[in-house]
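Shared between the two complexes below is subunit A, which has subunit B as its partner in the first and subunit C in the second.
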Partner chain A sequence: MTKEAIIEELRTIVKPYIQNEEGFKNLNENTDFINDLEINSANLVDIILDVEDEFKIEIDNDSMEKMLSVKATIEVIQTKMNA
Partner chain B sequence: MHNIGNDIVDLKFAETESNWQRKGFLEKQFTQKEQDEILNSEHPFLKVWLFWSMKEAAYKCYTQSVEKRFFAPQKFECSLFSKEEGRVVYGDIKFYTTTSFNTFYLHTIAKVSKEVSTCFSGIGSSKTVQIDLKIKLAAITGVLSEEIEKRKTSVGAPLFYHQQKLLTKSCSISHHGNYGAFVFT
Partner chain C sequence: MAPNGVGLPAFTNAIKTGTSGITYHQNLKEKGFSCCIGGIPEVSEEKKLEYLTTLQLRGFNSTSILYGCMAGIDAWKDAGFSVDENSKLDYDSGLIFGTGTSGIEKFREAIYKIDAQQVRRLGSTSVVQTMASGISAYLGGILGLGNQVTTNSSACTTGTEALLLGFERIKNGKAKRMLVGSSSDSSLYTWGGFDAMRVMSYKHNETPEKGSRPMSASAAGFVPGSGAGALVLESLESALERKATIYAEVLGGNINSGGQRNGGSLTAPNAEAVQKCITDAILDATISPTDIDVINGHLTATSKDSLEIENWTKALQRKGVNFPYINSLKSMVGHCLAASGAIEAVASVIQVKEQFVFPNLNCEDVHPEVLALISADKIPTKMIRKNITILAKASFGFGDVNACVIFKKHEH
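Entry: the complex of A and B
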């Protein structure tokens, strides 16, 4: 899956949790879930679980630890999908 | 280390915006011991959010000194001494927590040291939490609240300054739903 396709999919996943519309409009590879989208940390787990469901992958704790940004999330998804 | 962290949970908001019974929700964030304790509790919903706020408050305390960010809630293991007092262990570091409850929210403060050091905290509307903090800080330091300026550390922890003078040794701000809370020392 290309980076662009993953970003599109992530846009749909994060939408219900975002609190910063401006950050969401500009969502790109460098977007940080908490600093840019103001997603509440209590909802981070929902994003992780949604990513698992959508991409049909299993995310281990070490990978989850890094998933605070679009970039890190893309890396985890690509690694798991190619595994 | 005088660091201090806090976390507020709007209980109504937690009920509508999160689903703790969702598959994977407990497994990803809580240790086996915590999961057992939650599921055997009389009020599993409250236990979930009590543990979550303890972990989050401890994380916010920890990241002020290490300046790195990560999402590893399972690595912060909670245990309770009483309804309000608890401990969170992360590796070889222990954090001591105090939680206050009412029907609308729960609020946890985490410190590294058990000793009582002077700290100030407040709970109010999510929208005014920063103004509330500045007013409290102004009252303590004697500077004008309008002249107090917030700056963020590299991990996003807030610090408050009056011109070049740092007014807070450690500070933590938390938002959830309608509520905002702060703690500083």
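Entry: the complex of A and C
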């Protein structure tokens, strides 16, 4: 799956949790979930569960901890999907 | 947030007209309940969005928190405050909002996931909805309250206790105002244990509105209810200064326990302690028993109703035609358990403000033991207009716990 396609999916997944509309409008590879989108840190686990459902993958604890930005999330998704 | 009316205007109208909120529930029948009727407030999906955000409603499965938030937000706005997520933190205002259990349906979800070895699938929403203080946590954040924010729990006394705890905090000078109330889930998992105890009525499944019969000779147990009630308590100076709508003054009250002695048990009241709770409330309010115009009783429609009436007659030293008017909201909404005290306190202050006594449903056949104590015309079956100066409200709960509050009409 291409990076661009994953970003599009992520846009839909994070939408319910974002608190910064401006950051969401400019969502790109370098977007940080907490700093740019002001997502409540407690909701990061919900995003991870939604990513698992959407991409039909399972994300281990170590990978989870890395998923704080779009870039890191794409890497985790690609790795798991290619595994 | 009552089974017979959601929001203040609807609820006020319902209690004036004696509208029942009790309906038949097929899911109770399917699960094998003996009692298949109950009181559930009606809330549409659109209505929920007026109170909670789409994010808050994501993975949301707790009616007690929903009802509590709706009641609390309504009360806060009615008291003249706005609800704004960017409001300045208010250290003078706190909240005490009770419940029996929180989000029991959410808790069920969590148990099923954990048993299926999917603990990680609980996400972030399980803890905040199932912790007892979930309701105060949600409301405290929505309103931005900076004083004490907590949850109390004392079975069916919970709402009345919350009110008195808030009252004491203001009286002690620790807060200017306290949002108080309580809520209870609409769930067969909340109600099931009572069905098993055979304390719920199974005789009116075909006639739900006739099921809840406090003080009636044909009372056959309580009908389960659910919902929430909330009131804003404030020092009189602060309320007058803000020109807030004053429904009633809280003159005083009392909370005690019968210690499960002298006939009291986990489930039955110690009559002496009930009477003492009432007399101590009267002392605290510095009124005389003869000042009481109306009693809003606990009166659940179990075999204990006549004992409650007897306790009132002894505590007040008033009986027969000298007894005050008495009513039970449970005849309309059922027994809303942890929420009952708060919903009934709201009904009480509406009566005081608008000067009427709401009707008792389903007691055309007053129990002979009740009639031996008080005159039948003290148990109105139609709404009556009445000058009410003092109203006493009491709640009693499992664990042999009691609470009684004295309301007074505010004279302008």
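Keep this in mind: the second predicted complex is superposed on the first by the 83 of 83 C-alpha atoms of A that agree within 3 Å, B and C clash if a C-alpha of one lies under 4 Å from a C-alpha of the other, contacts with A are read in each partner's own complex, and residues count from 1 in each chain.
The working rule: a residue touches a chain if its C-beta (ideal position, glycine included) is under 8 Å from a C-beta of that chain, and two chains touch if they have at least 3 such contacts.
As the structure is a computational prediction, the values presented were derived from the model and not from experiment.
For the composite obtained by overlaying on subunit A, subunit B and subunit C cannot both be accommodated without a clash. In the superposition on chain A, A:Ala5 makes contact with neither subunit B nor subunit C. By the touch criterion stated above, A:Met67 is placed in contact with subunit B alone, subunit C being left untouched. In the superposition on chain A, contact of A:Ala83 is made with neither subunit B nor subunit C.
By the touch criterion defined above, A:Leu49 lies against subunit B and subunit C together after alignment on the C-alpha atoms of chain A.
More residues of subunit A lie in contact with B than with the other chain of the pair subunit B and subunit C. Shared interface residues of subunit A (contacting subunit B in one complex, subunit C in the other): 42-43, 45-46, 49. Listed in rising order, the residues of subunit A touching subunit B in the complex are 34-35, 40-46, 48-49, 52, 61, 64-68.
The touching residues of subunit A, counted against subunit C in their complex, run 16-17, 42-43, 45-46, 49.
Within the complex formed with subunit A, the residues of subunit C that make contact are 54-55, 58-59, 120-121, 123-125. Listed in rising order, the residues of subunit B touching subunit A in the complex are 9, 14, 17-18, 22-25, 28-29, 52, 56, 69-74, 156, 175-176.
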